[in-house]
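Below you'll find the structure I mean.
For clarity, chains are labelled A, B and C in written order, and residue numbers in each chain start from 1.
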Amino acid sequence: MIGRLVADVPRRAALALSVFFLVLLVVPWFANDYLLTVLILIFYFAYTGQAWNIMMGFVGQLSLGHAIYIGLGGYTAAVLFSYFGISPWLGSFAAMLLAVLCGAIIGFLAFRFRVAGVYFAILTIAFAEFARIGFDHFTYVGGSAGFFLPVSNYSQSDLWTLRGKPIMFYYLSLGMTVAAVILCHLMIGSRIGYFWQAIREDEEAARAVGIDTFRYKLLAVVISAAMTSLAGVFFAFYYNNLFPEEVFSINRSIELILAPIFGGLGTLFGPILGAFLLTGLAETLTAAWAALGVDVPGAKQVFYGICLLLVITVLPDGVWPWLYRRLGLAGRPE
Amino acid sequence: MNRKPHMGDKRITRRTMTAGLGASVVAGIAPMNIVRAQDATLKVGVLLPRSGAQAGIGQDCQRGVDITPGLLKDLGMPPLQIMNGDTETSVEVARSRAEKMISDGAQVLVGAFDSGQSTAIAQVAEQKGIPYVINIAAAPQITEQGYKFVFRNFPTAGMILADAFANQKELFEATGAAPKTVVFMHVNDTFGTAMKGGIGAVMPKFDMPYKIVDTIAYDPTARDLSVEVAKAKATGADALLMVSRLNDAILITRELVKQRWSPMAILSMGPGWYEDQYLKTLGKIADGPLSFVPWYDPNKPMSKKLDEALAKAHPGVNLNTNHVYTFEALLVAADAFKRARSTDPKALADAIRQTNITDNVSPGPGIQFNEKGQNDKLKDSAIQNRAGKLVTVAPKVAANAKVEWPLQPYDRRG
Amino acid sequence: MPTDIYLNVAVSGVLTGLVYGLMALGLSVIFGVVRVVNFAHGEMTTVAMYLAVVLFATLGLDPLLMMLPIAGVLFVFGYAMQRWLINPFISRPEHSQFILLVAVAIILANGLLIVFGPDARSVQTSYAFDSFMIGPLIVDATKTFAGAAAIAVAAALFAFFRFTRLGTAIRACADNYTGAQVVGLNVPRLYALTFGLGAACVGAAGAMLALITDVTPPLGPSFTLLAFVIVIVGGLGSMPGALAGGILIGVVAAMAGLFYTPSAKGMFVFAILVLVLLFRPQGIFGRRA
């Protein structure tokens, strides 16, 4: 498996990736906690973007309700830890299981009843909103008053219970992102990957040549859901509180799909680049505004929106494919 | 799809780094070495939700921030260098802003109105050993986490309820009239749910003359509350017990008028009913509701100074909870700085723990913190809307007017 | 509970539903013809509400009278937006359009925050607190006016699409894009007109909404979501369906609030949406394609 992973990548690219990865590995030695926090946010978006990309970029199923998996994952692991003292590493399995179940139900219903395109997107929103309001009334986990994880001792980082300093979460998020990229890379190059692309390009044709489109679409939803739920676990243990309005909100679903679309849909590097650019843009704007002495709440977001609008108008396929061509690289961007 | 994925190239890597990271690196690392040298001023990072869903309250709190420097100067307090930050009503932004401010040299943090955002900031402050003074946030959990650098000069949900019931009883006694039944309406958000959860535990201790005949929870983003009010009216309860926000308070009042229901009293235990926007929007209709909330003691000299400063900076804006507790949070920071004579965070935290400010604004003996970092001596007031102004009617020590009782029916207000 | 409460709540649900239906009608027209998922719909509604508020606050003009002028302003806004911003995206995939309109939404919502500040604004007409007593019924005056206006606007729009050449041409565009081009229709212009008409609906609905609720800058997303729910439940492209969908959602939400917990009424609304998507994707009032 590792052999195939390495064999696929050209040497120059492999070298560049290693250097990039090494830089990220040593970043904590020369960066302050603020920069780490920003990088954690970037990896969080890169990771969730990668997970969402499996459904949209690989199979062409537009989900606008991925917050449901973030929320389910976060609440499951948080409850298991707070109420039963179960480590988030074990809790993650429960989180994934629940997300898989939920994804399977949504996917089954949607594909069984042939809900597609925009209708599918609306269906995913409906489920996420349903879950949001449901959790608002779910008093076992605090309802809309929120769920607070115990945080007391920060003198040491404890990886087993995920209680600790930003540096631990930095490596965790970096590790998750790298793992997600490797997983997606492997999947794209596998049989499943080809089936997915066939379905994305022309579902009727894919079915005609004998691909079980229902099964493979469902598989994409389930994998994407499981991966996203882990981001939810991360979210819960990093921020240490969960509010239904916060984790299940449609804004969360939207913010996690911006990076992959901005970076380049269906590519491996697009979500990562998108996360770096968008989060970097937001932070830079805040810093620039402060430096200029502009203290107008909302001005930053207006500018952010304009940047988003311009880039998507000029580069409809996202930044990464464009960059890829500009750099004179051959073939299709990954 | 191509079988040979080009995951990256050296040039790409560098460019990506430059584009995405470069700016943040500069922004993040550069200011590290600017501060710490002089102890003449204290750098205070103020984090408030000034855009997004809570922008209204965040910007109102900001008014309290803006009038503080002048007041501190009059008090002979050392100057604060205030850094303003916008949490954009998001926990992620709150957390990264807190990190940014600390890396920019903030020695004390203040904020952030919302419990979720405050928890995110509290964790950063605790890790860095930077004192954090919460201005407003009522979730009890925040000061139950064993933090050593987090302080809250604002009552928890349980304290708000206890004082509300005590003040209600005082008013019932003074008027000789009390509702036999109430219907409890609450907004189903963080604060509303915490209050609803607390009622079951707190109310029995007070032997209240009324019983709650129905509890109606409604959506915080509701744009129409006619059904909720119709349901409340149908219970036939004597009075309305409320926990709301601003917009829903306005909507409910309109529905009360339209559905022609004037309860004996409106007893609110949260924001909304006393806010300027409520008074301005509803005019004559706004008179009468009682709010049992963290407030200011109009008889304390400091309150007059704060009131005058606000009136000068923002004519027509009534002094309220947002200004008072934001000001007091900054006062705590300045006072600790004065006594510690140092900007060392640990010395500051120790000084804050020793806080004993009696020349303050909020009702009660003053500002002190218990071992959990909570000011548990705070008292809440009962205030009433009167012709566009707000008067304090209970407790007696912090009152400046007598209560008007019962609520003047809405259809008899000319 | 006294029995008249059911009637009161139902009437209130119908009236509110009509106004939301008018807003959703705008989305239905845009989505049904141009096939663009207008994720800035709620923000456009909010803009219209602020227009009504400003006109009333500065010139004392009643939103009921200003409904048509505001619709006109929004028409121009929608026309321009389709012509210069969205048109290049017509043939692009949905997610691309989605990001574009999310960007527009971010700009509009925060632009409103900068211009008007965060406080809720409202229109205080002389009849703001009025209600009619009809037997045991208490009917909200502003809602009645707003609901009646919604019906009038919807009827006018219906007549336009049914009886004018332009309307017929737009419907031809919706039915068959290529066919419309073949017979020589100027499709980009017709699309811009359609988007403008949809925006005009939003303008009229916004003026009415300003009468019955207060406006704040972050109000948009919930309106957008509501409009989508109504349009899909009512049936995409069906004009009576949008109004009927609005009424249905209004009444269901009101009844759910009455019989269950009001804060959970959204669950019923989304449950209906899911059921419709699964079992009657053409909408309750739509015709099967």
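Here is the rule we go by: a residue touches a chain if its C-beta (ideal position, glycine included) is under 8 Å from a C-beta of that chain, and two chains touch if they have at least 3 such contacts.
Every value quoted in this text rests on a predicted model; they were computed, and no experiment measured them.
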Third chains touching both chain C and chain A: B
Which of A-B and B-C has more C-beta contact pairs: A-B
Where chain A and chain B are represented by their mean Cα positions, the distance between them in whole Å: 34
CA centroid of chain B to CA centroid of chain C, Å: 35
Of all residues in chain B, the ones touching two or more other chains: 50-51, 55, 58-59, 188, 217, 219
For chain A, residues that touch 2 or more chains besides their own: 133, 136-137, 297-298, 301
For chain C, residues contacting two or more additional chains: 110, 113, 118, 217, 261, 263-264, 266
Touching residues (chain side chain A, partner chain B) in the complex: 8-10, 12-17, 19-20, 23, 30-38, 41-42, 133, 136-137, 139, 142-146, 148, 150-154, 165-166, 181, 185, 188-189, 193-194, 197, 239-241, 243, 245-246, 268-269, 273, 276-277, 279-280, 283-284, 286-287, 295, 297-298, 300-301, 323-324, 327, 329-334
Chain B - residues contacting chain C, complex: 50-53, 55-56, 58-59, 188, 216-219, 221-228, 230-231, 233-234, 246-247, 250-251, 254, 257-260, 277, 281, 283, 285, 410
Partner chain A, residues of chain B touching it in the complex: 1-13, 15-17, 19-29, 32, 50-51, 55, 58-59, 84, 86, 88, 91-92, 95-97, 99-100, 102-103, 115-116, 119-120, 123-124, 126-128, 139, 141, 145-146, 188-190, 192-194, 197, 217, 219-220
Residue numbers on chain C that touch chain B, as the complex places them: 1-2, 5, 8-9, 12-13, 16, 110, 113, 117-120, 122, 124, 128-131, 138, 140-141, 209, 212-214, 216-219, 222, 253-254, 257-258, 261-266
Complex contacts: residues of chain A adjacent to chain C: 56, 62, 64, 109, 113-115, 117-119, 121-123, 125-127, 129-130, 133-134, 136-137, 250-251, 254, 257-258, 261-262, 265, 296-299, 301-302, 304-306, 308-309, 312-313, 316
